[in-house]
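Each of the next two complexes has chain A plus one other chain: chain B in the first, chain C in the second.
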Partner chain A sequence: MIRVIARKELRELVRDGRFQLGGALMVLLQVAALLFGWRHTTAMQAERVAAQTVARSAWTTQGDKNPHLAAHYGMYVFKPAATLAFLDPGTDAFVGVTLKLQAHEQELPHDAAASDGTAVGRFGQLSAAAVLQLLVPLLIIALGFALWSGERERGTLRQLAASGVHPRQLLAGKALGLGVALLLLLLPAVLVAGLALAVGGDAGAWTRFAALVPAYGLYFGVIIAVTLWVSARAASSRTALVALLGLWCATSLVVPRLASDVAGRAVPLPTAEVLARRVHATLAQGLPQGLPREEHIDKISKALLAKQGFAGAESMMDDALLQGLELQAEAEYENAVFDYHVTALLAAMARQERVAQWAAALSPLLAIRSLSMALAGTDFDHHRAFAQQAEQFRRSLVLAMNDDFARNAGAAGWQYKANRQLWQQAAPFALQPPALGQVWADQQVAWTMLAAWMVAAGLGATLAARRMQVV
Partner chain B sequence: MLWTVVRMDARNVRAEVSAWLALLLLATGVTYAAWSGAAAVHADRQAVATALTEQQTRMRDLQVRLHAVQAGQKQATSTEDPSDPALVGSTLAAVWAVLPQLPLASVAVGQRDLAAARVRITTQGPSGRSLQSDRPMTGPTRLLTGAFDLAFVLVALLPLVIIVLTYDLLAGERERGTLALVLAHPVSLATFVLGKALQRGLLLGSVTLGLALLAVAATVDGPWTSDDAVRMLLYLGTLMAYVGFWFAAAVAINVRGQTSAGNALALIGLWLALVVIVPGIVQVAVQATHPPPSRVELVNLTRAAASEIEAELSDLQGNHGADGKGTPAQNAQAATERLVAVQVALEKRAAPVLQAFGTQLAAQQALVNALRFLSPAIVLQEALGDVAGNGGHRLQQFHSQVDEFGQRWRNFFFSRVSARQRLTVADYAALPQFVFREESLPALGTRVGAGLMGLLLPTLLLIGWAGVGLRRGVRVM
Partner chain C sequence: MAPRSSVPPVLEAIGLRKTYGDVVALHGLDLSIAAGEIFCLLGANGAGKTTTIQLFLGFIPPTAGCVRILGQDVATHALQTKQHIAYIPENVMLYPNLTGLENLKFFTTLAGHGDLDRATLGTYLDRAGLAPEAAGRRVGTYSKGMRQKVGIAMAMAKGAQALLLDEPTSGLDPKGSNEFSRLLQTMSAAGVGILMATHDIFRSKEIGARVGIMKHGQLVACMGTEDLSHSDLERIYLEHMHD
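Let's turn to the complex of A and B:
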């Protein structure tokens, strides 16, 4: 029975002018957004890979010099683009991609593409994800607002009720018909995306893509259920349409910006200058509730000595060894300061994101947006992983340089020069994106909310169908 | 007769719950956006004030120390010598170049949350500029979402309120069966439609105008000049033209004689096209034809071009003061001179790259300027950014003036380093000062005025189209 109803609804939809026009436009936009996204992402990735190669060779060919000076010379790293960024560029344009890793300083990634953008950038990006998140729901509303109310207005609902079909079957049939119609429209985009992945995707990208499909399926399920719910409850098709459009505006336009604004207020962040000033002050004076700078460095230095089995034997050690250890003690002190301020900043930003995520209770769009960016590897958590891994890499690089100084400088002291061999020993920076399990855990609020929306909207639609007035 | 229609429709609107609701939501949105915008502007002003106070204290301390050193009361340490031009120019006297907030700043965040509007000027060279700028830190997802500012409410939400007020302007009367009844009276269809549109237009126009004025009046901060009055006029004029455009579109669609649901869909479709899709396509077009110059490449170009120079530079900086031969003083002077030479060379190599970068950005902005006429929403967004002083133009001008000023700053100190001069009290009085030169009012007026024309022209076309439709007549049942 459900199949018969679904087939009838599908046939009607496909013959509808709104479906043909809206659908054609959507397919066009989808495919165009995908192709442009693919071109943009591959170009960006090629550029960053090239830049990374140049930066690497600048490091390895820097010539013979003292290893600590090499740590000062530093190394640039560039954030690699996520493969699925062509589907959902997420925060890509708004985060820094460049980092200089050097002794004594922790940088935050800088050079975000959006800072060189224009006013049109403020309208949001026209990505495949934006089409799916914003436009497809509108299409569902346009196709489905009259599915119940229209039957009632034409008087066919009474006939249906008289025929003894259970309202639940009717509902399932209508939802299925709408879903299949939608599937027809999304198929070309899925094929294009799959083709792109077949060309340039790895196994990880396929897994993430495979996780994206059911996530969006759930989102569209929510929209279909809400549409049928409102259509069943509304007094007329017109009321149903106006209510649904109002809901769309509230959930897609107002709630996201409002939630973002509230999150900004709930978890305030310092300005860049204030942060820099705090870091410098702490570097000079020592951590709050900790030892003053010199004592702290001394303590680390002693611990390092003890670890190497030289405790109390400073006078017997050669100068360079001592100096190398002191440099490392200083670096470790600085790392503690950076941990205190910068890691705290990144954590605060992440907290801000979580606050905004809770607003998904008011807008399913926020849930799917968050999930989609996370699965595409373009959300803030992925960016934070880059910033933190790069910092770890910086620390091990500085450690390796100071270590070489301590071990090999000997009597030459600051005149000691290391060569290419040492530079090449430092492995190139390789970003390890968070594993899917981690993404799943980070996105707990988002997928719980999406599932909750599905349950609530499904229940609402079922109840509304059962209690519907037929005339 | 027109007046009768207006009065009748006013009574109708007063009885419509949806109209009240829409207006209430608009008022709430404007109020919240104004409050939030004002808070952000206020916080920003405070941050600037704190930075400038710190800068003043630092400068005064430097001069006091300089007096003491010159009077021989105090020995200057090498890391804090207020008469050492290299040291003072690169760190001790670093100054802020600030893009001032205009009184209308709370109207639109514009590009201000993305591009630097405060830059720390030192002799360290232009390639490091992005690192030394200050702005409120904003999480990337918040930047992606965009601010809930007045511009958002006016550009995106206001048209939706207009749609709520107008989608059933004519269709509603027909569906209720009152259209035939009304037209049986001695009133022409044109007068009837005009009266209704006028009534709702005046209502919404005055509410919007009042809210827009109130929002600005409640948040205006800082001195008010005649230039600001012109900006205010441009702001309100463009806003009213935008309202006019959406009313004209609503009337034109109503006249086509569809059902009210059909009108609502058509109007939402138009809104979607103009507020979401066209701006998106324009952005894609701009990216495809004028790809924003890549900062990633810029980093490498500057680094590769100056790799050996920079290596030398970091040698000097990382030396931790242990070099060997020569007296410390001689070494220090030689090192400083080499450092300056290195920096001058570095800058020379980076200059063409940076120049090309600036040209590309300007070309991109020019293209957006031309393409904005494709959507009234882009026109209004740009205009609001312009009058708020947070638009792309003003920020680009700021950046080029900062580059210019940085050059002056470096010349001031580098010339003294090369001449082996120490800084004197007179030098401190003569330090270069950054003052932002505003874009001339005619230039701003021309740009925003062109946008205004870009709103009025499609409005007139829509009115003409509606007129033709009205003359042909509509279904009454």
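Let's turn to the complex of A and C:
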């Protein structure tokens, strides 16, 4: 029975001019967005690989020099473009893709706000995600606003009611018909995306793509259910359309902006300039409630000496070895300062993100946006993983340089120079993106919110269908 | 009233009452229509004819009393009772983007007759008087009379035992009205009990076995048409209307 109703709805929709025109536009937009995104992503990735190769070459061919100076010279690392960035570029365009790694400096996380903002603001990029998140709901509204109210207005609702079909079956049939119509319109885009992945995607990208499908399916399910709910409740098709467009504006434009503002007010973040000032002040004075800088470094030095078996024997040590250990003590003190500020900043960002995630209770768009960026590997969590791994890489590099200085400088001291052999020992930076399981865990709120929306909208649509007045 | 027998009437209203706030739309209606009987309900606008039909269809709940179809209470067996009835309103409304045949297929499938193939459905449309070339055209291009014929075909294909008609010939040309009346007589001969709300005194006399006159929600007169002339019926009707 449900299939019969769905087939009827589909046949009616397909023969409707709205479907033909809207559908053609949607397919064109989707395919254009995907092709544009694919071209942009592959070009970006090629540029980054080339830049990373140049940066690596600049490091390994920097010439002979003191290893600590080499640590100052540092190197650039580039964030590889996520394969699925062609679907959802997420925050990539806002958070930057390169970090300079050098002794005594850590690049601090910034631009978390890029995760927020209005979806429309990002629509300028014409990404497939923007089309899916913003325009497809409008298409669902255009195709579905009169599915119930139109039956009432045409008078066919009486025929349906007189036929003895259960309202629940009618609702399921209408939802299925609309869903299949949508699937037909999205199929070309799915095929293009699949083709793009077949050309340049790995197994991980396929898995993430496979996870994106049910996420968007759930999102469209919510929109379909809400559309049918409103259509069943509205006194006329015109009222249904106005109400649905109002809801779209509220959930797609107003709530995301408000959520971002509320999160920013609830958990204010320091500006990059203020944060840098605070870090430098702490570096100069010492950690709050901790030892002053010099005493702190001295304490770390002693610990390092003890670890090396030189406790109390500084006067008998090689100057270079002592200097090398002191340099490392200073680096570790700086790391402690960076960790102190970065931990506080990341905690504040996480609180901000939680506020924004819970705001998905008011807008399913916020939930799917978060899920989409996360599964595409372009959300702030992925950028944070890049920044954290790059920082670990920096610390290892500095440690290796200081260690070489301490072990090999000997009487030459600061005149000691290491060569290409040492530079080549530093393995190239390789980003390990968060595993899908980790992404799943991080996105639990978004999944829960989307599921809650589905349950609530489904329940509302069912009740509205059962309570529909035939006359 | 039709004579009582052990076979339940096709359509039956017992003490049926419907009020909207302080307005009483129907005052304790008692009515019984047997298989094969055509009962015509006459009355001015607002007399309660359409309310009666809607109560039989279960579109609105009764305030008091009950409605039965083949002995089953509509209130407690809403979906089951609809398996036995067909409804033809003043304007049979169908899906304009589907053809007549597709509309027929859809509604008969909903009514539990999805096994009927296109050829069989085509014969129902043919019997209802719809030209074969029209069956494959979208309903959006149909006249009112053609849609009424699809409605009749739906009732036939469904195998409905009761037919509820609300001003079905209103707006049809004389030829269309005649064709429609003949179809109703055919269905009646096949044992379908028919309740038709109408303003058309002439046609009531022509096809109805009995005629009821409603006024202010009450059945003020009920008579057989066999020994009644057109002018008698018209006179009785007007007398009640001018009371």
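We take it that the second predicted complex is superposed on the first by the 450 of 471 C-alpha atoms of A that agree within 3 Å, B and C clash if a C-alpha of one lies under 4 Å from a C-alpha of the other, contacts with A are read in each partner's own complex, and residues count from 1 in each chain.
Following the convention adopted for this analysis, contacts are C-beta pairs under 8 Å (C-beta built on N, C-alpha and C of every residue); 3 or more make two chains touch, one makes a residue touch a chain.
For clarity, every value in this text was computed on a predicted model and none was experimentally measured.
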item: When chain B and chain C are modelled together on chain A, clash or fit; value: fit
item: Comparing the two partners chain B and chain C, which touches a greater set of residues in chain A; value: B
item: Touched partner set for A:His166, first chain B, second chain C, both or neither; value: second
item: Partner chain in contact with A:Arg11 - chain B first, chain C second, else both or neither; value: second
item: Partner chain(s) touched by A:Leu29 [first = chain B, second = chain C, both, neither]; value: first
item: Contacts of A:Val470 with chain B and chain C, given as first, second, both or neither; value: second
item: Contacts of A:Met1 with chain B and chain C, given as first, second, both or neither; value: second
item: Partner chain in contact with A:Arg158 - chain B first, chain C second, else both or neither; value: second
item: CA minimum distance (chain B, chain C), superposed complexes, angstrom; value: 17
item: Parts of chain B lying in touch with chain A, wherever the complex brings them together; value: 18, 29, 32, 36, 47, 51, 110-111, 114-116, 118, 120, 130-131, 133-148, 152, 156-157, 160, 164, 167-168, 175, 259-261, 264-265, 268, 272, 275-277, 279-284, 286-288, 292-300, 303-304, 307, 310-311, 314-315, 317-320, 322-324, 361, 364-365, 368, 371-372, 377-378, 381-382, 385, 391-392
item: Touching residues (chain side chain C, partner chain A) in the complex; value: 54, 57-60, 79-83, 85-87, 89, 91-98, 102, 106-107, 109-112, 114, 138, 164
item: Residues of chain A that touch chain B when the two form their complex; value: 18, 29, 32-33, 36, 40, 47-48, 51, 54-55, 58, 62-63, 65-66, 68-69, 71-74, 76, 78, 90-91, 93-95, 97-98, 102-103, 107, 110-126, 130, 134-135, 138, 142, 145-146, 237-238, 241-242, 245, 249, 253-254, 256-258, 260-261, 263-264, 269-275, 345, 349, 352-353, 356, 373, 379-380, 383, 413-415
item: Chain A residues touching chain C - in the complex, by the definition given at the top; value: 1, 4-5, 8, 11-12, 15-16, 154-156, 158-166, 470-471
